[in-house]
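Scrolling down, you'll hit the structures one after another.
First chain A sits with chain B, and in the next complex the same chain sits with chain C.
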Partner chain A sequence: MKRATQSTETPQVGRSVPRLESWLKVTGRAEYVHNLRLPGMLYGKIFRSTVAHGRIKRIDVAAAQALAGVYRVVTSREVREVIPDPYYGPAFHDQPILAIDKVRYVGEPVAVVLASDPHVAEEAVHLITAEYEELPAVYDEVEAMTSKAIVHEVLRPAGTFPDLKHLKDRKNTNVALEFRLRRGNAEKAFRDAHRVFEHRFSTQQVMHTPLEPLVSVAESTESSLTIHTASQSPSFVRIEIARLLGWPENKVRVRVPFLGGGFGAKLYIKLEALVSVLSLLARRPVKISLTMEEQFFTITKHASTFRIKSGVSKEGRILARECEVWWNGGAYADIGPRVTQKSGFTAPGPYDIEHVAVDSYALYTNLPPAGALRGFGIPQLVWAYEGHTDLMARELGIDPIEFRRRNLLREGRPQATGTVMKDAALEKVLERISVLMEWGKPFDRGAGTIRKGRGIAIGFKACVSPTTSLAAVNVNADGSCIVYCSTADMGQGSDTAMAQIAGEVLHMAAESITVVHSDTDVTPYDMATLGSRSLFHMGNAVKLAAEDALSKLNVLRKELGLAADCPIPDIFKKKYGMQAGNVAGAGSYIPSYKSPDANGLTDNATPFWMVGASGVELEVDTETGKVRLTRLVNVADVGTPINPKIVETQISGAAIMQLGFTLHEKMQFDAQGQLRNASFAEYKIPGMLDLPASMVNEAVVAEQKTGPFGGKGVGESGTFGVSPAIANAIHDAVGVRLTALPLSAESIWEKLK
Partner chain B sequence: MTPFELLQPGSLGEALALLDGADTRPFGGGTALMLMMKAGVLRPQRLVSLRNLRLDAIEANRSLRIGAMTTLRALERSEAVRKGWPVITRTLRTLSNVRVRNVATVGGALAHADPHMDLPPLLSALGAQVVVAGKGGERTLPVEDLYAGYLENTLRNELITHVEIPALGKRGAAYLKCTTRSADDWPAVGVAVVLGGEDRIFVSAATDRPVRINDEAAIDALKIEGDLHGSADYKKHLVRVYLRRAIDEARNAVH
Partner chain C sequence: MRREIQFQLNGREVSAQVAPHESLVEVLRESFGLYGARESCGQGMCGCCTVVVDGRAVSGCLYLATLAEGASVSTIEGNEELDAVQQAFIESGAFQCGFCTPGFILMTRQLLDEQPDPDDEAIKHYLSGNLCRCAAYPEIIEAVKLAARKRRKA
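Then we have the complex of A and B:
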């Protein structure tokens, strides 16, 4: 197949095309909502709850309203004039636009001040007071199962997901969803096992920390609304805002330019419903830009507890596994129930285990809401099952890589759900880690107060399914090409990848193609940019759209009696007598899928599997407990890389982000549910000096046969193995096992002394 | 942050007069002040910039005289400082980051009285003095006497104009800090050691101000409280470890 184009001799796919937007970004001309100012625009600043759980007795806004320069102060009373039932959410309609009757966490939005000057709005926020009747609160996910403190009196499933319908009107529970999987007979297998191991692991609440904090602007007329927002899910925003207002979708326009990072923070509704209501009330454009610090009170990553139990044979084969996972969803469900279910079924890990039992619970607590963060729950699970795997290997006296080798899921074998593994390069990834780590060679263990250790871990993820992507590809009369898709480019390079895919089909250089950003009046529907789904789903849709355009061009060539290789401009000249017209191709993609049965079983759980593994070499200072990574090796199965350089940076970026979640980052709450470190002086993300001296990031040679040109998602795979590989290496170095993240120097020192 | 007026006096006398006003703060590099204003901890109406007071000279003879408005970066890059007081140059290289060092000033770093900062314990150990000016005239005091507690200095509507550091000579000196979270975190412990003649050892960060100690036994008496950097026990332990390491480094320091 000839893949070359007139302007380049190399194929488009598999080429490290520099990002199309890089020049715009380095010259400061890329569009971000943060830079948007509209004539007459008001700025909103949010007044937030100071108690974790309480009935609102009184909100006094008089002093704020009286401050010179304040346009208006808005509480839920005014919100309900516009939207009588102002509750939103992707899984549950549980989150009010501003708190109604009750507050459920410290930091929950209670009122908003509008002013032309954001400093005046901020000043006025300090003048608002609220009185609460405090209620008992619950913070721990396991306690939430049985706590007398009930976060939501009644459960309100959104109805969009059929498997949540049975939860409607359920009362007196903090369990938003329980996912259950049963395969074989784990109980009996434990009785027959040679050895049984049981461990408990936990993870902490952390935050996404996109460099561009959440920001939205709304402008309105009486019957139409335009929302400019830093969102990963413009189509969802349109549908949900239209639902809240009772308007048709075509009256709500959602525009998304570039995002300065997302990582799952900018999904579903965040500020969009609030700015929409404020704009309709004020009849002026309204902008809310969160500060970095306010993001802690908006969306976070689930803290979790995982009890894992395995039965092992004499030969070191895992016969049975029982998993119980509690997800701390905070005060509002967001996408937590989906994390509970869609990640829950991979809790037993990438191993071939005949007897499996999984119980996974989504819990409400009085903490800031938790959603998806670069891995959709998978890093929490891998943290536990790979620590567990290592502990078992140690106890059994089997080399940790060899133990994994004996138990790894092979191509064609059923995973816990019964879905057969296809195009999941688990063995290749494990073996590559072994080679890159030189696992067979002797290892220097250090001396004196500096001890060295190494460890590995491997994890996998099923892409969340079923989800839909549509795309359009337009070929102009001069032969130039425009791709229309609602995938948000938040730094992952999706514009470039989509241009490469369209270019590959149309034999054009990716650099020559324009990619139009999400604008729901213009670009077709897309479920969202999340969970490493876009390259696969939108990639397939763009490929289909480009193929549709190509076949239309070929039909024209034939109709007009032109040669099969007739240049595109000549087709239009012949057809329209001048440079005129265009050809539009459309593509729509939804993979096949089968819902799990009552036992959580299905033969088609996911359209593709992601595999990620890490190997770590580190030093522990035995006097202080301080850990220094000397080497971090990350290997992933990403199918066939569409853009090898971007794949490499996605793997390294994901691994470094997870490094922060492993060693330093933790939202620290006091006994009243107050966040003690809502600033970057006290919440520490990794800096350049925290990076390992040596880092390798690799994709194995693989192919996703159902993916566009063999490709699949890569955004999250680098996160999977990092945390357990580090804990395993610490154990290797100094014999100390930590089961709770983060792996602080003090927690290591505590165990060493 | 609330709006404020920025005043830019051209002389020390003018600056001191302006500082008498209500809700007025002096403004050096602004790296700490701006964060406090953003957080709403400080809400001054007027800021008095010290930039035009011509206090940014580094004069090295036998001793070192540094203008209070000298940026940390200028001090870090001074050849005279590197030759005569290499411990200062080494310390500055790990102080915050180059963007902060480009604007933060020596005077500001001392007056801020945040015990997590690196210069107060180091300059105290080096036996440095600060010259401060007030409406009643000038006085000179040891750096360690600038501190009354956490974020509390002993200045009385005065401005630091200069820092004077005696010759280090061949004495061994070291400053070590321990961050317990990311590498660029505020330290949990800072230890400054100058050996020879009269040994001068200062501990900071774990304490609410730089505290002089004479030996390891004195660590037990230090008032240390647990915080997000670590428990009191852990930090006390770190002081012990880092003190030993700093003394080793100072003994082996090569000029």
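Then we have the complex of A and C:
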């Protein structure tokens, strides 16, 4: 991708501006909550459940409380002195700040020790004992549908989502949400089809493992709270903490500096409610920094099972598709119900299929909670439908790219919900993969014990909707500019992109613009930094705010009788007689949206589509099952890149992360629901040596007409195709089909035997 | 329990009161306000806590502070001006969230001191003990090669 280096070069958009915070990051001076220390601050260490499902009979904190240096030990009893109903969550109010009456997974927080010295707090945690009456537990998402082990006696949907209201007070079920879509008549179409194929795929539970583990600090007065937190959703944190305390929003201030990675782990409430209560109880600032191990007990990616069935015509057209998806949400719903619905409706894949039936289930189990992880459920779906696509093409004797070409959704055609595809470069992306893979050329299949194969996969995603972003742009009397927005820069480069967008409107170099980090007392509301929504939503809000500031400057120029190109400082000098004053522009953006009807249908499901595809060439050692990637090609539709270099890094980074979820990573539980590998010594994330021998990352030439300067989100698109492309290539190399992730050497070798 | 140790920190003679169990990263943070070395995995597996002691990179989260007595310790905060490696990391866009970046930069300096012109394989092997969850690995490899060129020119 092209990279310009001239800082004064215009336009600002489309230029590979180095990240604004580059100096801070290469000198170790970037601000993270990890670094924060406040006067009088106490450290909290968490005592966690050792059983997967049980009634709490007794918690003995006496020895911990007696340890020298311990300030206080807190259990749910003390929590309830501050918050009588201490249950939180974005979709369900199901998660207690500390376990009440019951524990629902191994690792659930039960008590906290506070001390000035974190080592003392940790020592004291080991002195706490708890007794549980163990209850039957359920771990598998499909078993959870019918299991007698019930994780939550009563469902507690949050009032925020109208489509969950009917679930209120529902009893004796582990199904937190059931999403259903029916279009056409799949059953009849299966009867008429030339061939019918049915497969079952599964994915494993994994963790985001941001290298800055989850961390929050709260400081309080008698009637106000400031929370410094590594959060992707400061506005949500403010609203939810205010709700829990029964306070107005203006008494809760949430500040977020840089994040040392997020990937969906740092969304909604994680440690924020806990540190808030602890600070209010202790009347001192409280910090909780999780260890890497503890992160695995906090939030994870859904394990899933997907049954997919397709009816195909003689000509190789997919006529009907039935999808049944079970999402393993763990003990608390977090955002799982949204994953179930918002991803569920794309389960049939990016194909033009007339008859579709989807059932997508969010399930409670006795495992650590699952939420969003770089794709909001999409990588799990693409894994299944692209493996299925490949298997069908193979059976039908049709080239896999040709088979996709015949069935791909074209611009203007309705997707499963009935929403018409717009600005989704599916064809371009598929064709580009074909070209980069030199698909038409003969392919060396290897010899002896090293066999070679290749495979491709394509996926798509609808951006979550409807969500709101607000921004403000301030132009100072010297002509310098500040952007205020609550988007969290967790490495995706949002500060830089927002500065480029504001700079483009105001004809200023992006490097000269300051972007103020989230502070809910200062920066306007934003739904959250998630699901690749920020560049589009916040980008539009920043653009509107900058345009508002520009038009106010132009009005001033006119009022003061100044020339249309009069420099900004001269406007203020003329107006106020000196360097004084400022002009503030405001922007707010919410796209139009229509809720799905009872059949899951709507003509406006999303403001934009993301498209991502991967092509893989690899070698399999038939003696060991070891896979070596020789080539990984990732192509995405990101609209028009605002910052080409950062876009390329995002596509590449997402693909490499997904490589870890494909080949190595898996949270391994024993029969009692105890996680056995909660550390980097036993849970392997990709390192330098895991890189494919060669890699290409590309954005196709495209435009999102409703996006800021043609741009849209990119953070997740690189993840979509990786896992199925690798499984398809393994099949191509050695004739072995794996339907469960991860694709370990062992699992391949087992099948080769 | 605490005792005073003296050592050189980024070229200056310093002293600190340390407890026997305290790690070097803790002492850098609590006594000197240096945050560039960060504890992440806590097991010496990720390289975020990299600190240079007597010219060798160590995992600061495992290295007991008391062992630094009399040693020369340097951190990412040590140099006033950006060096060739830091410049190369910026120009190559070799980071996203930045949390692992100081560790990678310190290891890259050590690599280039030992091998002024490493190839891709040498870079991958030398930096395999540093993890980047954002996976800016291709950009980091590009940055190491750019830094090598910058150093050779200088």
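Here is the rule we go by: the second predicted complex is superposed on the first by the 746 of 753 C-alpha atoms of A that agree within 3 Å, B and C clash if a C-alpha of one lies under 4 Å from a C-alpha of the other, contacts with A are read in each partner's own complex, and residues count from 1 in each chain.
Rule of thumb we're sticking to: contacts are C-beta pairs under 8 Å (C-beta built on N, C-alpha and C of every residue); 3 or more make two chains touch, one makes a residue touch a chain.
Values in this document were obtained by computation on a predicted structure and should not be read as measured data.
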item	value
Touched partner set for A:Gly493, first chain B, second chain C, both or neither	second
First (chain B), second (chain C), both or neither touched by A:Leu689	both
First (chain B), second (chain C), both or neither touched by A:His119	both
First (chain B), second (chain C), both or neither touched by A:Tyr593	neither
Touching partner for A:Ala30 - first (chain B), second (chain C), both, neither	second
Partner chain(s) touched by A:Tyr576 [first = chain B, second = chain C, both, neither]	neither
Touching partner for A:Glu623 - first (chain B), second (chain C), both, neither	first
Comparing the two partners chain B and chain C, which touches a greater set of residues in chain A	C
Touching both chain B and chain C, residues of chain A	119, 679, 681, 685-687, 689
Residues on chain C engaged by chain A in the complex (per definition of touch)	21, 29, 34-38, 40-43, 45-46, 48, 75-77, 82, 86, 89-91, 93, 95-102, 105, 123-125, 127-141
Of chain A, residues touching chain C in the complex	16, 18-19, 21-30, 32, 34-35, 119, 208-213, 258-263, 291-293, 490-493, 645-646, 649-650, 652-654, 656-657, 679-681, 685-689, 691, 695
Residues on chain A engaged by chain B in the complex (per definition of touch)	119, 122-123, 126, 623-624, 626, 660, 663-664, 668, 676-677, 679, 681-682, 684-687, 689-690, 744-746, 749-750
In the complex, chain B residues that touch chain A	1-3, 35, 39-40, 178, 180-186, 228, 230-231, 234, 237-238, 241
